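First chain written, first letter: the chains are A, B, C and D, and each begins at residue 1.
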Amino acid sequence: MTVSFAILGAGRIGQVHARAVSETPGATLASVYDPLDAAAGSVRDAYGCDIRSIDEIAASADIDAVAICTPTDTHADLIEQFARVGKAVFCEKPIDLSVARVKACLDVVEKTGARLMIGFNRRFDPDFRALKHSIDKGNVGKVEMVTITSRDPGPPPMEYVRRSGGIFRDMTIHDFDLARWLLGEEVQTVQAAGSVLVDPAIGAAGDYDSVNVILKTASGRQCTITNSRRASYGYDQRLEVHGSKGTVSVENIHESRITLASAQGYTRPPLLNFFLERYMPAYKAEIAALVEMVETGAEPPTTGRDGLLALALADAAVKSVEEGRVVSVGEILG
Amino acid sequence: MTVSFAILGAGRIGQVHARAVSETPGATLASVYDPLDAAAGSVRDAYGCDIRSIDEIAASADIDAVAICTPTDTHADLIEQFARVGKAVFCEKPIDLSVARVKACLDVVEKTGARLMIGFNRRFDPDFRALKHSIDKGNVGKVEMVTITSRDPGPPPMEYVRRSGGIFRDMTIHDFDLARWLLGEEVQTVQAAGSVLVDPAIGAAGDYDSVNVILKTASGRQCTITNSRRASYGYDQRLEVHGSKGTVSVENIHESRITLASAQGYTRPPLLNFFLERYMPAYKAEIAALVEMVETGAEPPTTGRDGLLALALADAAVKSVEEGRVVSVGEILG
Amino acid sequence: MTVSFAILGAGRIGQVHARAVSETPGATLASVYDPLDAAAGSVRDAYGCDIRSIDEIAASADIDAVAICTPTDTHADLIEQFARVGKAVFCEKPIDLSVARVKACLDVVEKTGARLMIGFNRRFDPDFRALKHSIDKGNVGKVEMVTITSRDPGPPPMEYVRRSGGIFRDMTIHDFDLARWLLGEEVQTVQAAGSVLVDPAIGAAGDYDSVNVILKTASGRQCTITNSRRASYGYDQRLEVHGSKGTVSVENIHESRITLASAQGYTRPPLLNFFLERYMPAYKAEIAALVEMVETGAEPPTTGRDGLLALALADAAVKSVEEGRVVSVGEILG
Amino acid sequence: MTVSFAILGAGRIGQVHARAVSETPGATLASVYDPLDAAAGSVRDAYGCDIRSIDEIAASADIDAVAICTPTDTHADLIEQFARVGKAVFCEKPIDLSVARVKACLDVVEKTGARLMIGFNRRFDPDFRALKHSIDKGNVGKVEMVTITSRDPGPPPMEYVRRSGGIFRDMTIHDFDLARWLLGEEVQTVQAAGSVLVDPAIGAAGDYDSVNVILKTASGRQCTITNSRRASYGYDQRLEVHGSKGTVSVENIHESRITLASAQGYTRPPLLNFFLERYMPAYKAEIAALVEMVETGAEPPTTGRDGLLALALADAAVKSVEEGRVVSVGEILG
C-alpha cells in the first residue's frame, strides 16, 4: 500500500516535509495547500503533486494523511477538521500555545478516534534513537540524571520571536519532549532561570535568550536543560543520560570528518549550522514512522498527549522564572 | 536538461548505480540490461525503467549515458562499443586486468572523442573531498607524505578472490587512485610487501590478504598504503596527508555518534560495515558528477587514464613483491 | 629562599600535602603534627621531617608556613592561632561549616594581616588552568553560561557523609568555587534540586546523592552544576564555558591513551578513579603557588573570602532545596 | 636497599637521567662525571651529588650503577670498562654505529656476566605500555600489522645530523625497537624509501628527512614506519597494532585537554613539542626498571641484543634505500 499525503502550508517546514514524503518508500505526495499561490506552486512543480484547498483536501477520498505545516494558531482547528473526516494527522509542534485549547483539541481527536502524530522530530534522529536504544537495552542501568544541551547558531528574526510564545514554548519544548522520552518517568516539578545575554531586543520583547531548567520526577530523577540562542560554532545538540551502571551520550555532527593539525592545534570543522540540514534524516524517519503507523494501524509514536505535556512543562518553566520558585506540573495541567 | 541512463549489469553494484541515478536530480533511469531476466526485472520493477538488450541500448536515441556494471572482462569491449555510438560512458573499475588491453581501449575512446568516466567512487566521498579541499586551499602546505589505511571487514568469497586479479588490482587499486589524487604528482616507483595472515585459502589461490605499499614520486613525495582483508570493527577507511605546514586526516564513520561510559570504559559503536552503506553518498555524488559532465561538456572527473595508471601501480606492486625490489612505473607502462 | 612547612594532620590529605611539599622546588617539609603518633611517624619516616606539637610549631622560628589538614571543626581555631603568630596559613576547605564562624575567623585573619590560602585545589589543575587562560585571552568572548559536571566514582563511607555537612558543603563546594572563578562575576541567586538515587542510607542521613544547581549573576550569567555520588566509569570532572564568541571545554582524564577497536566497538579505558591520582598535579601546583605567595609577598591565589563565598553558595543551595525557591546569596551572608 | 648511581655525561640527556634518578624511590644519585667542569657542576649543584672522574667511579665501591650519557663513540668502551668492574650499566642508544663494534662489546658484556640495559625509553612510556599490555592480554588476537608514526617537531641542527649516523640509525632506531617489541616475532626483511623534503642541507649531508619502512617477519607479520623530521603541530608519536581480533592504538599527548569551539571550528592545542617533556614519564619509568633489575637480579628489560638488532634493522634500511631492494636482516648480522 502507498500512503497518500497532502501538505498543508508550503513554507520552509512544509517544503521539508514535502521532500521527506517524496523520498519515503510507501509514501506519495498527492496534494499541497498554501494561501500563497507561489508557495503552493513551488511544491507542486518540485514534486509533481496538485494544489487543492483545505476543504477539497478534507473531502478527497484519495488523501490518507495530512501534514499540518501552517502557522501555530491554525493547528488546533485543522487537527479537529481533519480528525473529523478520518484522516491520519501529522502536526508540527506546538499544537497551540494555550494548554486549554490543546486539551479541547485532544478531546476532539479522542472522540473521533483519529490518529494524531506530533512533529517532535528529534525523537527520530538516528543518533538519538541509538542512544535511546542503548538505554532501553539497560546499558546505563536505572536512569538518574539527563543532561540536554541545545544551542541555536543564532537568534531567529525578532518578528518570529514575538509570535513564538517565548523560548520555553518555542525552543526548549523540543528538549522538554526529549526529557520526558529519556527520563522514563513523568516530570513532576520544574524550576528554571532565564537571562537576556545575546540580544537586548529579545529582552525588550519579554523573552529570554539564555535559559537553564531543572526537571524532577516523582522518584527523584532529574534533567537539566541548557539553551542559548547563539553558538558561534554551529547548531549544538547534545544529550547525556547518566544511570546506575553508566552514562550514554551523543556527540554533535560536524560539517565533515576531517581534522587539520597545524601550529595552531588540531582543528575539526564547525557543526552543521542549519536545523534542516542537521535534522533532515530525522524528518525523513518521522514521515516513515507516520507511514508505518497508517499501514499497520499502530499507535502514533508521538502523541497529542506528548504535545500537551511538553507545552505544560514550558508553561511551568515560564511560571518558575516569573515567581522564583519550583512549579509543579499539576499546577499547569489543573 | 535531464540525462537519461541505461544500466548495463543489474548485479549488486548495478543496483547501487540504479538507485543513485534514480535519486539524482537531473538524471533519469531509462533502461536496464542484464543477461539474467530476474536481475533486470528487479531493477525495472524498483525504478520503473524498461529492459533492453545491449545492442538496443547502443541504438537508442533516448539514452545519453551508460553505466557499465558487468563483469570486468566485458568492460573494455563495452566501453569501445558505446564510445563508438557517442554515449557518455561510466565504467566501474578496473577497465581490464591487462595494461595492454586498457591502452588499446583508451585509444578507441580517444579516437571517438567519447567521454569516459571511471568509477573511482572514493574521490566523491564527502569527507575525502573535504580533505582534498583542505589540501587545495594550502592548509598543509606542500604535500610530503600520504598515509592510506583500508581494511575490509572480512575477506570476499574465494570464488571472487580467484577472478579478482589479486588484492592489488582489486582492493588496493582504489588506494592507488587516491594516492595519485592526493600526492599531486605522478608516482614513479612502487615497493610492496604481501602476506597471507587472514586465510590460507587466499594464499593457496596465489593471492595475499595483508599488504603494505610505498609509493614515491619524482620529487620524493611518498605514500604508504596498508590493506587487510579483515577488520573485526568494521570497514576501516582512513586518509592522512602530511605536508610542510600541517597534516589533515579523515576519521572513520561509526554506526552512530553515541558513546557508552561504563566500568568497562568508554565505548563507541563499530564502524559502518558494508562498503555500499559506507560509500552510498559517494556513489550518489559520482552520478551527480557524471550528470554535470554530460550537461556541461566538462572533462570527466575520473578519466580512462586514471584507470590505466591505477592498474599500472597495481601491476608494479605485484612485480615488486615477486622480485623483492623497487619497481618503476615506467617498466609497466612501457 | 626555601619555604619551610609544617603539616598539621597526617591523614590522607595531610600525606598528599607532605608529598607535594617534598617534591616542590623551594619548599621543604620541616615538621609534622598528628594526635596519632603512628600517623605522624609515618610522614616523618617518609619525608625525613621531625614531629612537633601544635604549640611547638606555632612557637618555631624555623617554620614559615603551615598546612592545616586536620578535621574541619578545628580549622577555624587553627587558622586564628597561626595567623596570630604570623605564619603563612594554608587550610583545606571548608574553613568551617558555619558562615558565622567563618566570618569571625576571617576577621581575625584580617586584623593580623596574615596571609591565608584555602585549598581549592581544582583551580590549580593544569587543564582547568588552560581553560581559564583561554577565557582570559578572550577566546570565548563574554562569558554567558558555565556548565560543571562532577561525579564521584562512588559514595563515601556513611560515617563521612554524616560529618560532611551534606553534599553541597562537601562536594559541590568545589564546583561553587570553580563557578565563581569562571563566571567572572559574583553569584547573586541559587536554585537547586536534590535527590536520593544512589543509596537510601544517604537519604536517611538527611543528605542527597544527586543534585543539580543553577547559579545566576547580577548581569544574568548562569552556571549549572551536576553532581552525583556515583559514576561507574571513574571520576568524572568536566567544565564547559560558553560565551559570545565560542565555547571552551575540558575533557576527562582516562587511565591511558589507548583505544581498542573490536567487534564490540571502539573502547577507551575508564577515567582515573581516585581523586588523589586525578588531582595530584593540582595539589603540587597548589603548594607551588603557596611557596610563590610566601616568597613574593603576593596576595593568596585563593583567599579566605573565596572560602566564605563558596560556603554561602552551599548554604543557599540547601535552603533552595528545602524551600523550593530561588535563594539570594545575600540572605545567607546577611 | 638503595641503588646508588653515577651519571657519565652531564649534557641534555644526562641531566634528564640525573633528574629521573633523583625522583625515583630506591635510587640515589651519588656522583657525576663530565669533561666540562661547568656541566658536571650544574648537576652536582642541582642534585647534591659529587663529581668524580670515570676511573674513580669505576673504582668506587659505593656506586652500584652507571648511566652512560656520553657521546655515541664512547659508549662501547665505557660499557666494557664498567662491565668489567661489575657495575650495572645503563647506556643510551645506540651502543655504537658499527654492528661489528656492538657485537664485540656485547661479547665482553656476556663474558663478564654484567647486566646491561639499553635506553629504549619508549618501551617505558605509560601509554605504550598500556597498549602492549592490551596486546599481551590477547585483546587484538594474533598480531598481524603494526603501524608506527613518528615525526619530530623540527630537524636537529646540521652538526647533529652529520654525526648522527643518519635518520635510520638516529631516529627510526626507536621505531625499529618498538616494532620488534610489538610484532612478537623477529624481523626478517626490511625495505625502505628515503626522501629529502624538509631541508636540502640534510640531503647534502647524505641523509634523508622523510622515510618509510616496511618490515616483515618469518610468518609474514608486517610493520610500517613513517618518519619525518618536521611536524608543525608538535611531536607526533603514534602506534597502532592490528590483529585477528581487533586493533589497538595510542593517541598523541596534547598540551592540555581543552577544546575551543568557535566559528573557526573545534580546536585542541598542539602536541607536546619537546621529546624530554613528552617522554619524561618514560625516562622515570626506565630508571625505576633499572633499579628493580639491580634489586631483584632480574634480566634487563631492554638488552644489549635489543640494541644490536635495532641497529641491524637501521643498517638494512640504509642498504635497502641504496640498492632499491628488500634486504634480509641476515645480510647485516652475518
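Just so it is clear, a contact is a pair of C-beta atoms (placed from the backbone, for glycine too) under 8 Å apart; a residue touches a chain by one contact, two chains touch by 3 or more.
What you see is a predicted model; the values in this text were computed from it and never measured.
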item: Chains touching both subunit A and subunit B, listed by label; value: C, D
item: Chain pair showing more contacts of the two, A-C and B-C; value: A-C
item: Centroid-based (C-alpha) most distant chain relative to subunit D; value: A
item: Chain centre separation (subunit B, subunit C; CA means) in Å; value: 58
item: Averaged-CA centre spacing for the pair subunit C and subunit A, given as whole angstrom; value: 41
item: Subunit D residues counted as touching two or more neighbouring chains; value: 231-233, 245-247, 261-263, 269
item: Residues of subunit A defined as touching subunit D within the complex; value: 231-233, 254, 261-270
item: Partner subunit B, residues of subunit D touching it in the complex; value: 142, 144-145, 147, 149, 151, 189, 191-193, 195-198, 210, 212, 214, 216, 219-222, 224, 226, 228, 230-233, 236, 242, 244-247, 324-326
item: Residues of subunit A touching subunit B in the complex; value: 23, 126-127, 130-131, 134, 139-140, 245-253, 255-263, 269
